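Next come two complexes, and both contain chain A; in the first it sits with chain B, in the second with chain C.
And now, the complex of A and B:
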């Protein structure tokens, strides 16, 4: 702050400097992850011949698409000032239910997981919004509940449901549109809708207002309870749908999936510049956050000598770096 | 569920007939409300007519805030009824009151700081196109509204980056943007500058002339005669008096409000400050050449024990910055601060606290009070380290301390365990003062200690400041109220643009002389306002930066 030299005689100079600083800070807040992403991709493309190959990029995109679904819902939850720890378990539950349902037809494979996951989200949302209980605790309970349900369904993981060979359900994640895998197409579509919803609908406005100042939102007559409930339902539905996609992708219901995925989703959202306290952020930032995490994993896999455990170490370090940078630049910016 | 209630509200609007000017638009009949055995409202009758500005006055705990919250749907009354345009209504939440056309402007700005100005104005009622929010139309309409109000604000700017005054104007614009029949303003002027107050009054009168009923609450008594048509006085949760403003004298109003004799009030003066209490001795606080980037350019200040030094200056002159820098909350670029002869490290709150400096900040909501903690815990917060041995807190010692301060400061709470959130503004302020006094400071910096609290509590706080100085505390007092500075301070240091402009002995000083000193700098600049029309906006910007 004191490093900026300003001449006190010219009244406008410090204000311009301050405004520029504020603009730069908000740019870093929003685009910091993008900058790191570009750097990592550039370095990786130069260092590894295989990185920029079409196959590898498609692989990254498909693998990122599952986390992206969870992170999209998490973005809205965090923007209301909440948190949803249940999405990892709900994601896995959705997958198992879809795989089980696929044995009874494609329709069941879609409807069953979405219905169950949606119901979990609804209960969580009602308890949080109506009952005023802390989201952290409520969704932690949701995490345990969904994981338990999943283990019951799969005989503690002993039974793995398989999507029948030739089932059209496999098409969902294994098919392509103009050479682009469906999961990637779906993510693009969902994020486009998400951006529109956040910035161009009154629901989105309410989400931001609640995260920014919940009391004020209430006094302004915004539907605080309804907005929160909807947000947790959407988060659970998106996690469930991510599960449906992965069941289609792997042609089975894998029970060990989704452990810790909720934390990865939170990391992606924060990397993407959404304030953890809520009230500001973009869905596009979240997408960049997801891609950054996925690229880091991919790069570490490319370095043959590195153990895959390094993925978490590096991801954690970068998360800390970005958040520290955001904090340092926005300090004193807001009272 | 919310849909259901808005449908009900919409039905209520449909049922409401046209209300002619002079007819009652909003009424309460025998409204009661209690909180845990405390009767906040005891059968209050209140009537607001269309096309009038009606002020509600009353002391701390008289029930004004509670009545307003009943009118705006924040509280549901325990008994009695609320009538809107002659029909009984049951508001269950603020949205219900808003849907029928009751807008409220609160003392503390209740908007969303991270969203843009235009967003804040239209939240919940955004203009749409093809079902989506039409951002361009929204910004355009916001700009038009601002132009109508005569305010120059970038409507796409983040609200939180604006000054408090501008934020209040945005709240006003929001209230105007809905076709309200009733506008309730709960201390809207407490954070406004003179020019902004005038704008607010202009808009309020405009609304009245259009047949809107306005409720106006302010602790600045002069404003009531300037703006209001009728007055309703509440005391201890009961209706006391309603009369046209023009037929009421200031003394009359104060005596009815306090329930005291007119003669008694006359004898005691308007503020509770006693005579001066200057004492000789080594200075308790010496500040020299204090500089803060862009804000302060060499401020000098000396305060002796037992002395109250007033800091005067227009908004943005560096008053708050000076005390914040002394307290270490603002980083000083250079300058020296000495407390009781010992040099204090600048830029460190811990250092300042350790050497006996306490700051009662301007914004008690954001920077001081912990609303969900009890009175006891709020007071004990700052002294916990001293009250514990090997990390274990001595509950008995804290109880004794809290008890002492609650008595000494006459804090009105049902018990030390009551949540501070439930107390009135005046009592919250006293809790904060108690917290700081518990640290046994040598120098007490008070930034607008009586802002936004009732006349009665104000008097008590003023009396308290006096008492503290008498006991040898060195006090720095910031206030935008001339009377308070002139009567409360022994010396007044006038700041302008981060410089000390003048130092006045307040013994024989009148408010108008202080005003002249505050305005004096402009003349010295030999640039009368009329010749430098571009001067004013720049200054306003500086204040909000």
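And now, the complex of A and C:
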């Protein structure tokens, strides 16, 4: 701005600069987590011989796959401007139901958890979309409800159901396709479907429109209630399916799982660039967010001398840094 | 034709305003009515309910929740939320055994300062940087729980006589913990009702833009509010640790953010900000405590208790929002 001489060719310079800045801001918003992810992976590969080994990479991918399922559903919920605090409990409930169901056949191990979790999602969705109650509160009650149901089913948490030896249900998470474990394959497939649904279907368009401005979406005649209900059902189903996967992986219904997992899922979604105010976001970003959190955990485990409590310190700090950066850039853009 | 419509509208309107009036009343006083009814029911149905022992235990148990919930009520009044309170409790409690060498007062001060610092970080993130409260305090919740674990490590017992008497002693039969909760309640009530800050807080929560245009110090109000919330959470953590004579940074304060939010919301403070209801919040905390206690008295297992609580939360909020008939009809 030091030159007062205005060359016609550069007359638009401030505008271009502004546009560039906005583009940069949205790039950081969308790809900030990816950049950090690449840096962390690069540093880790150089620093630790074991990091880049096939076994370790596969381990990270499998460990991340359970959270990825929850985070995928959470992405859609947050894009509608809502939040789903129940997924951690629903995830654990799905696991216990699957392990219990596996004793009665593989089909039961799939159908029962999905039916129960889907029903919880349906009730939450209806209360939120029809009753107009805040998602925060409704899914908080859902968190308590699902955990209570889980305790009821497991004699107050005293019983851990085991998947019978030789049950084909174990294959779901322990088997592999061309050397890639099934959970990883499933996550890739589900995220691909998620991306298609978001960008290629009218449901996806409605999700973004509702998150952008619900009243406007309503006035435009979009099926607001139906879209929201569907979103909460999908979130609960995905969380339940994550539970089914982990029951197969651990061959049991672990009752203490999923405490605080809803917050990890939200963190992954936010790291991935989805705005908590709704209306914008990407499915792929969420996957990067999940992987970033998992890689951080892995790296801290690799540094033998570090306490595992550093995991949460580092994850929390990175989350705060990323959102601060996002805010700082968008704010400069507005000024 | 038009006449008929007009009459219908008037009738409808009066009917509607009638419902709204009732719902408004329920919204404001429902928590007190529910608390009274549940107390009465317990007096008749629960053996040994009316005894100083029971009363004492219930009040001692609810005191930390009340202290945290008051801070949460202030934050929610600014249209915010503070998810970090449970972690802050753990951090303050974890610091106590480490600094008990400076005497109990020194250790308590250090715990309180730690809480205020976390609140300051949250306040700056929300008020100055402009991060959404739920994200800012979520990040802090995760990070601070980790810090608490790093400091505290395994469970440490607290033997310092000053702290032990703070947690278990009493004055004229009333436990210190309860006295402190009462004093904090009174102080917060006075601040909200009588101070400039209290009025500014409500204005900021009601409409940030308007508050800013009116020249109110929006940032300062927001930062102060999160500092107060951090400070109160730290206080609750210290009291809890003193009472149990141990600090367990992994467990202490877990899910406290949810209990506190529930107490505030059931007490009639809307999540949309602009209102702080202190008495309602205290009654909300008491109500949730009494519900849990009632279920325990009657040997109802944890699982059923949680399911019952979930249903109560939904029903309470449904009634409070007055969204039965008035909306979307």
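Simple rule for what comes next: the second predicted complex is superposed on the first by the 321 of 335 C-alpha atoms of A that agree within 3 Å, B and C clash if a C-alpha of one lies under 4 Å from a C-alpha of the other, contacts with A are read in each partner's own complex, and residues count from 1 in each chain.
As a convention for this text, a contact is a pair of C-beta atoms (placed from the backbone, for glycine too) under 8 Å apart; a residue touches a chain by one contact, two chains touch by 3 or more.
On a predicted model such as this, the values are computed, not experimentally measured, just so you know.
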item	value
First, second, both or neither for A:206, with chain B first and chain C second	first
Chain B versus chain C as contact partner of A:196, first or second or both or neither	first
First, second, both or neither for A:147, with chain B first and chain C second	second
Which of chain B and chain C A:279 touches, first, second, both or neither	first
Touching partner for A:47 - first (chain B), second (chain C), both, neither	neither
First (chain B), second (chain C), both or neither touched by A:226	first
Chain B versus chain C as contact partner of A:216, first or second or both or neither	first
Which of chain B and chain C A:328 touches, first, second, both or neither	second
In the complex with chain A, residue positions of chain B that touch it	1-3, 74, 93-95, 98-99, 104, 106, 110-115, 119, 123-124, 126, 131-133, 135, 160-161, 174, 293-294, 297, 331, 333, 366, 538, 541-542, 545
Residues of chain C that touch chain A when the two form their complex	81, 83, 125, 129-132, 134-136, 138-147, 149-150, 254, 258, 261-262, 265, 271, 301-311, 313-314, 317-318, 321, 323, 327-328
For the chain A and chain C complex, residues of the former touching the latter	83, 127, 131-134, 136-138, 140-145, 147-152, 156, 259, 263, 266-267, 270, 276-277, 307, 309-317, 319-320, 323-324, 327-328, 331
Chain B-facing residues of chain A, complex	1-2, 6, 8, 11, 14-15, 18, 22, 196, 199-202, 204-206, 208-209, 211-213, 215-223, 225-226, 275, 279-280, 334-335
